[in-house]
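The next block holds one structure in the form of C-alpha cells; read it before the comments.
For clarity, chains are labelled A, B, C, D and E in written order, and residue numbers in each chain start from 1.
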Amino acid sequence: ADFDWKKFQGKTVTFLANNNPVAQALLAHKADFEKLTGITLKVDGYQEQQMRQRLVTVMNARSDEVDVFMSLPSREGPQFAAAGWYADLTPMTKGAVAGDYDYAGLSQALLKAGTFDGKLTSMPMNIEGPILYYRTDILKKCGVEPPATIKDIEPAAKKLKACDASITPFVSRGLKPAIAYTFSNMLHNIGGNYIANGKSNLCSAKGKEALETYSGLLRDYGPPGVVNYSFQQISALYRSGRAAMSFESSNELRTVMDGGERLKDTALVPFPAGDAGQVPTAIGWGLAVSAHSKQPEAAWYFVQWATSPEIQKRMALQGIAPPRSAVANDPAYRKWIEEEPVRKQWQAALDVLAAKGSSEVGYPIVANPESREFIGQAVQDLILKQKTVDQACADADKGLDALIAQK
Amino acid sequence: MASISIRNIVKRYGSFTVIPDLNLEIADHEFVVFVGPSGCGKSTLLRIIAGLEPISSGELYIGDNRVNGVPAAQRDIAMVFQDYALYPHMRVYENMSFALELRGTPKAEIDARVKRAAALLHIEPYLDRKPKELSGGQRQRVAMGRAIVRNPKAFLFDEPLSNLDAKLRGQVRAEIKALSQQLKTTMVFVTHDQIEAMTMADRIVVMQSGTVQQYDTPEAVYERPSNQFVAGFIGSPAMNFFPVELRGEQIVFSQDGTDVPLDAKSRDLLRKAGHGVFGIRPEHFSVTADAAGAVAVTVRLVEPLGSDTLIHFDLAGASAIARVDPSLRPKVGDRLNLRPQPGRAHLFDGSNGQVLR
Amino acid sequence: MSKAAATFAEDRQRLELAALSAPAVIFTVAMIAFPVVYTVWLGLHSFSSTGKQSFVGLANYSRLLADAEFWHGLWVTIALYVLSLVLQLVLGVWLALVLFHAKRLPGIVRSLFISPFMMPPVVAGMMWLVILDPSLGAANYILQSLGLPPSEWLASPVWVIPTVALIDTWQWTPYVALIVLGGLQSLPPSVYEAAQIDGASAFKTFQRITLPLLLPTIVTATILRSVDLLRFFDIIYITTQGGPGNASNTLNIYGFRVGFEFFNIGYASALMLTLTAIVFGAVLAFNRLRGAVAW
Amino acid sequence: MTDAPITDAWIRRLNLLQLVVAGIIVLTPTLWMVLSSLKPSFEVTAYPPTLIFAPTLENYAQLTKTTPFLSYAINSLIVTIGSTALGLLFGIPAAFAVSWTRISWPAILTLAARMAPGTLFLLPWYVMFRQVGMIGSYTALILSHAVITLPIVIWVLLPSFDGIPRSVFEAAQVDGCSVTRILWRIALPLVASGVAVASILAFVFSWNYFLFALVLSNGDSKTLIAAAFNFIGEGSTQWGALMAAATLIALPPLILAALVQRWLVSGLTLGAVKG
Amino acid sequence: MASISIRNIVKRYGSFTVIPDLNLEIADHEFVVFVGPSGCGKSTLLRIIAGLEPISSGELYIGDNRVNGVPAAQRDIAMVFQDYALYPHMRVYENMSFALELRGTPKAEIDARVKRAAALLHIEPYLDRKPKELSGGQRQRVAMGRAIVRNPKAFLFDEPLSNLDAKLRGQVRAEIKALSQQLKTTMVFVTHDQIEAMTMADRIVVMQSGTVQQYDTPEAVYERPSNQFVAGFIGSPAMNFFPVELRGEQIVFSQDGTDVPLDAKSRDLLRKAGHGVFGIRPEHFSVTADAAGAVAVTVRLVEPLGSDTLIHFDLAGASAIARVDPSLRPKVGDRLNLRPQPGRAHLFDGSNGQVLR
C-alpha cells in the first residue's frame, strides 16, 4: 500500500526490446510507467535476431548500457545464465514489491522455466505455444473428423488430399532452426524425450516415431518447399485458404485472421494427443535485468510494473495471452474473449498450455540453440528423403551427444 | 575503286555552320588533295565522307550508292585520322592487322601486308609496342599503316605526314603516290604542306570557310588562281598583293601613285573597274641592273633559306617579299631593281577578289 | 637552388602524394587495427558455455580443419560466388551497354533501371521469399499460367544455390552496370570511329574494342563484387538461413550462427578470420589482374 | 553493295528492344514492391497474386503513425550524407594518389575493412566506441559507415583517374600546378561521371547498411534501415508496412541517382590529346 | 631568362636506351631548334628539360641550379606538347589563362595577355569553345597560346606548328621570333619543317638516335654539315650522294668509273682514304650548254613545284635530283648537262660518314 513507486524518480532505465506484439502491447503503456515512477524509460527495440545480436555484443562488452531486456528462457536461458548475464531476481521478488503484484499468480511453469541454478532470471510476460488451426468447412466438405489423436492426422490428411487436391492438408514448420518449436510438442505428446541417461535419445523408438510422423506429414501432405516454412509462410498459406490444417504458434492468431476471411471457418485446438496425452509446448517471453546494470533496483521497478496483473490485463485485451490465470479470468478480458468463437477456442487452447505445458523446446542444455539445429537437420533430411530415419537420428544423436557433453 | 559525289551538303554544329552548301565530284581513282586554312572544314568533310559525321542536309554518293545514313563500317573506306585514334590496348601489329582480320583475310596475307606497310613506314622495330610507348611521329605512322594495309573503295588521309621529318615524308609521299597508281583507289588527302599538295594531287580542292574556292589541277591552281584567296593561300612565301588603279593609260599603285611595270593586257583588264589588286609571287621577281620596267626597293630584312634567299622590302605602303638567288648575297639596306617576270602578274577584282581575265 | 633544395622539392611532391592518401590510410588503420587484433585474440581463445574464456592457441583453427561444416560452407561459398559473379558481370556489362546507348532516356527512368540494388537487401530477400514461395508465390503462378512445371526454388537443396544466385544477380547486376557505365563514359570515343572505319561490326567492336578497354573497370567491379559475394550473407539470412539442410550454409552464415546464435565467439572469430583471409587472397589476385589489363 | 545495309534505324530498334527486355526484368520486382505497399497487408501474400485491388495509402499512414519514421529518416540522412562525404573527402585524394603513383597498397588496405564479415567488427567497435563514449552518437555511425564508403569511392574512381591522358597532368605541372592542385582543378572535373557513380554507390551502401547501426546506435540515433526490420517479426510480419517502408527507403537513393544523372554524361576527356 | 645545361644525360625505357649519353649547352636567351628523324628522342629531351621524365643518369642545370628531381611545376618553364594535352573541361580562354591564374596574375593582365595571344594565333572567335569543338589546327594553336601567354624561364615547343597551314605558320613563326627577341627568353623548338629551323634558330641541334650529330648555326649546318647524316637530313629534297674514289689523279664514280667534275681541293681530301662519298644538293647543279665540267644526265621524272622544278635522273647507279628553273620547262627524256656549282660539293669519309675537310 505504501510502496514507493517514486523511489527512483529521475533515473533512466534502458530497455532492450524485441519488437514483437508482446513488447508493442506493453509499450503502449510506457507513459503510464513514466508517470507512475518518474523514471524515464528508454526503449531500444529490434526484431528478434537483431536484438539478440545487439544483446550479445553489449553483454560481451560487459556494458551497462542495457538495464532490462527481453529473453526467451527456453532458448537462451541456460546459456545466458551460465555466462552470468542475468541478474538474480529472487531477492527482488522478495524485497521491493508492490502489494498488488501477486507473485504467486504468475504461471509457475514459466517461472520455473526461468529459474537456473536456483536463480530466477526473468519474469514471464506472456504465454504461447504451437496449436492446431483447422478449417471446419473443408473438413466437413470432405467428411473428415477433426483429429483427436496424432494417429488421426495422417488419415485425415490423406482424405483431404484425395478430396481437394488444391488444398494443402497439413502445414507446420520446416525451416531448420524453427522446427524444434513444433516438433517438441509432437515428441512430447508421443511420449518421447530428448535426453535419457545423459545421452541424446532421438534414436529411441518414440524419438524415431516422432521424427517420422512429423517429417512424413510435411513431406506427404505439406506444401512444396516446406523446408523453408516458418511462421510467415505458414500463416500466409493458411490465411489465404490454401491449407486445411496448420500447426503453428498461438501468437499467429492475429495474422491468420487478418482480412477476416478465416474468422468463421477456423477452429483452434491444442495439438492432438499421443501416447503420452497432451504435453503442449508452452513458453513465454521474459523480462530480465542485466547483470551489468548499474541500477538493478530501478530496472526491477520496470520489470515489476510490466509483469503486474494490471498491465498484463491491459496487454491481454490487446491479444497477448497472459501468463496469469487470474487475468485470464478477468471479466473485461472474458468479455473480449466471448466476442468471437475463435477467441474462445484460442483461450481454451492456451488454458491447456498453461496447465500441461512444457517449456522444453529442443534440448534442455546450455547449447540449446545449437541443439535445435540438429533436430531441424534430422527432420529436413527425412522430408527431403536424404537419409533413412535410422541414419538421420543417429547422425543427430552423435552431434547432440557432443553438445550435451559440453560443459 | 569508287567515285565520290557530294551534293549540296550542309553541315552545322548547333547554330554554327561549318559547311554552308558544298558540291564536289571526285572521280574514280582520282587523287584529290584538300587544302585550306586551319578550321575551314577539311576534316569535317572527310569525316562526312567516311560516315562519321551526320549531314545536316544534302546527299552523298559513293560509287552509285547513296550512302546517307549508311554506317561508316559499311562504307569500306580507309582513313587516317588527324588525331590518329589508335587502339590504345593493341600493339602496333594488331592496330594494323585489325581491319584485315575483320575481313577474314588469311593470316599469312595479313602478316605479309602488315610487314610491308611497316617496312615502308620504318616502324618494323615497334610492331610489338603499345601506342603509348611510341613517339609522336611513330604514332602517326602507325595510323598511316593502319590505313594502307587495306584495299578499300577509297582512302581518306587527314594530314597523315604532318609529324614526320622531311626525308621520311618524301619517301612516304612517293609510296602513297605509287600505291594510288597501283591500287587505282580513290584518294582524298588533306595537307598543309604545299609540296605534298602539288606533287601528289591530280586535282586540288582549295577550301575556305566550308566552301570550295577552286578545284583544279596543281598547275592551274598555282598558275591560274581563280581568286585572290587562292592566290594568296597557295605558294610560300605567299603572293604579294598591291592595290593598283588605272590613271589614264598608266597603271599605278593606289597608295603612292608610282608606276607599276605591267603590260598592255593588264591595262585592258583593269579598264572596266578602273582599279584592282595586282599580285605577284616572290619567286617571280627578277633582279635587274637597269631600272626600266622594274621597281626600285630597299632591302629591309634578309632570310637565307640555303637554297634561296628571301628579301623583305616595303613597296607602295605594303610589306613584300622576293625570292632571289643566294649567290646575290643581298644585305639589309641594299637597293635592288625588281622586275616582275612577264606573264606572271595576276590581277584581281578589288571588290570580290575574283581574278580578272 | 642548392642540391639539398632540389631534393627537398622532389621530396615535396612525394610528400604531397603521400599526404593525399594519408587520410584514407590513417582512417582505415584507426578503424580496423583494433578489431583485427581483438578478433585474432578472440580466435585464440575458447569460450566455454559458462562464459569463461581460456587460451587455446590454434585449437579453434585445427577444429576448423576437421569441421565438415566448414568445408561444406567453403564449397557453398565458392559455388555461389562463381555462379553469381559470372552472371552479374555478363549481365551487368550488357545492361550498362544498353543504358549507355539509350542516351535519350530521361535521368529518372535510367535511375529506375539501376534501382534494384538500392532496395535494402533485407527487403529484397523478403520480397523474393514471397515471390518464390512454391505454393503462394507469383513466380510459380506465372510458370503455371504459362503451362510450365512449378519449381521449389529456395526449398530445393539442388536449386537453392542457383536461386539465391539469381536473386543476388537481380539485385546486384545494376550495381555492376553502374560501375561499368562509369567506365564506358571515359572510353576514348575516337577509337570507336577508328573501329567503324576498320569495318568492325557492332559485335566485333564490343569484343575487340569495348571489352578490352573496359577490362580495368570490369576487374574493379569484380573486386568490389568479390568482397561482398565471398561474404554472402543477407539474402540467405533472410530466405533460407542456410537451408534447406545446410545446402546454402555459406561460411559467413555459418560464422554468424556460430557466433550470435550459438554464442561461440572464439570459434566464430577463427571462422571469420579464415574467411577474411580468403577474400583478401582473391582481392590480391584480382589486383594483379588489374595491372595486367591496364592499357 | 548488294546486301541491304544495317542502317542506324535498325540499330536503334535493336537497342530499344534490349532496353524493354532489361526494363521488364529489372523493374517487375520493384513494381511488385511498390504495388504491394499499396495493398492491405494480408493481400500481399494472397494467392493467386492480385493485380487489381483498391489501392490504399493506409500502410504509409500506419508507418508514420506507429514509428518515428521521419526522425529515423533524418538519422539515416545524417549518417549517410556524413559517411558519403567522408568517403569522398578521403577517397578522392587517395584514389588519385594511387592512380598517379601506381602504388596500390593503400587502395587494398582500405578495402580490407570490406573483406572482413561485418559481424567481426561489432564487438570490438562497440568496445572501442564505448571507451570514448560515442555509442549512440552520429559520429560513431558516420565513422563506421565511412569504412564502407571509402573503399567504394577509391575503387570506383581508380579506373576513371587511370583513364585520363597522362599528358594532361603533365601540361598542368608545366603550368605550375602542384599535385594537389592538379587533383582539384584538372583531374576531378574530368572524372565527374566517376564521382557521380561513386557517390551513388557510397550513398546506397551506407543507406542500406544496418549491421553497424545495430550496435553503435541506440534508440535515438537508430537508422531507417535498422528500424525497417521491425516490421518483420513473429506473429506480425506487416507486409504492407514493410513494403511501404521499403518503397520509402529506396526513394532517397533513387532521387540522388536521378539528380547526379547529368554528371553521367560522356566524353569529358574528348579533344584533350591526339594519339 | 636562363641557360640550360645538359650533362651526360642518359635515358632508358626499361632496357631500351633512348638517349645514350647527351651533352648540350643552351645559352641564356638563345633560340635553339632540335631537328632529327622521327623517334630520335627530341620530345624525350624536351620532356627531360621540363622535368616530366625522370633521368636515368646525368645532370641537368637550368640557370645555375641543378634541377635533377625538381618537379616540373617548380621549374617555371612553358611547354607546347606534341599531342597538345589541352584541358578538355576548360574553355579555350581558361586553357590559356590557367597558368597565369595559378601565379596570381591580376585579372586584367591575364585578360590582356590571353587576348593578345589569341589575336596572334587567330583564335579569338573560339575563346568560348571547349577543345572538342575545335579543329586539329585550332587545338594546336590553343596549345601554343597556353605557352606564350606566360613569361617563363624557358619555352619548350614540340612541333607546335605542324598542323597549321603555310600562311598561318609563317605568321606565327615570325611572332615567335619576335617574342623571343622581346622577352629574351631561352627557347627550345622542335620541328620537322626545315624552313622553320633555318629561319628561327640561333643554333640548330641535329639529333639521331639520341645523340647530337651537329650543333651549330643554320648556315653552318646547311653549308658545312659535319657528317653525311646531317648533310642528308638537312635540305629538301635531300642532298644527292655518290660513292667516289681516286683513280690516279682523277676522281671517278665508284660505280661506273666515269669522271666526277670536282676540283683539286677535293682530290687532296680524298687522297688519304682513296675513296669517299661525294654529296651535292639538288639546288647546286647548274644547267649548262656545254658538257665540260658537267655530267650528262637523262631526265627520268619532272616534278613542277611552281616556283621551281625538280628533275629526277639516274647517275652512277644512283637516283638523284636536281632543282632547276621552271622556265627551263624540262621534259622526261631530255638530255641535260649538270654542273656542280663550284665550292658546293661535299666529301665524306666512306666508313664513318664524317666530313672530309
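Criterion: a residue touches a chain if its C-beta (ideal position, glycine included) is under 8 Å from a C-beta of that chain, and two chains touch if they have at least 3 such contacts.
For clarity, every value in this text was computed on a predicted model and none was experimentally measured.
Novice: Touching both chain B and chain D: give me those chains, sorted by label.
Specialist: The common neighbours are C, E.
Novice: Counting one step per pair of touching chains, how far is chain B from chain A at the shortest?
Specialist: Tracing touching chains, the least step count from chain A to chain B comes to 2.
Novice: Between A-D and C-D, flag the pair that has more C-beta pairs in contact.
Specialist: Per the contact counts, C-D leads.
Novice: List the centre-to-centre spacing of chain A and chain C in whole Å, with centres computed as mean CA coordinates.
Specialist: Once rounded, the distance between the two centres reads 37 Å.
Novice: Could you work out how far the Cα centre of chain B sits from that of chain C, in whole Å?
Specialist: Roughly 58 Å, centre to centre.
Novice: Taking the mean of the C-alpha atoms as each chain's centre, how many Å separate chain A from chain E?
Specialist: 93
Novice: Residues of chain E that touch two or more other chains: which are they?
Specialist: Residues 71, 73-74, 83, 133-134, 136 of chain E touch two or more partner chains.
Novice: Quick check: what residues of chain C touch more than one other chain, meaning two or more?
Specialist: Expected reply: 13, 130, 133, 135-136, 188, 259-260, 265.
Novice: Residue numbers in chain D touching 2 or more other chains?
Specialist: Only 11, 45, 47, 119, 123, 127, 178, 210, 229, 232, 267-270, 273-275 qualify.
Novice: Quick check: in the complex, which residue numbers of chain E touch chain D?
Specialist: Touch residues, chain E against chain D: 47, 50-52, 71-74, 76-79, 81, 83-89, 98-99, 102-103, 130-134, 136, 139, 146.
Novice: Enumerate the contact residues on chain E facing chain B in the complex.
Specialist: 13, 35-39, 43-44, 82-83, 133-138, 140-141, 158-159, 162-170, 192-195, 198-199, 218-219, 222-223, 232-238, 281, 283, 303-308, 323
Novice: Going by the contact rule set out above, which residues of chain C touch chain A in the complex?
Specialist: That would be residues 48-51, 129-130, 133-136, 150, 152-157, 239-246, 257, 259-263, 265 of chain C.
Novice: Residues of chain D touching chain E in their complex?
Specialist: The contact residues of chain D facing chain E are 165, 167-168, 170-178, 181, 185-186, 189-190, 267-275.
Novice: In the complex formed with chain D, which residues of chain C make contact?
Specialist: The touching residues are 13, 16-21, 23-25, 27-29, 31-32, 34-36, 38-39, 42, 94-95, 98-103, 105, 107-108, 110-124, 126-128, 130-131, 133, 135-138, 141, 170, 173-175, 178-179, 181-189, 202, 216-217, 220, 223-224, 227-228, 231, 233, 252, 255-256, 259-260, 265, 268-269, 272-273, 275-276, 279-280, 283-284, 287, 290-291, 294.
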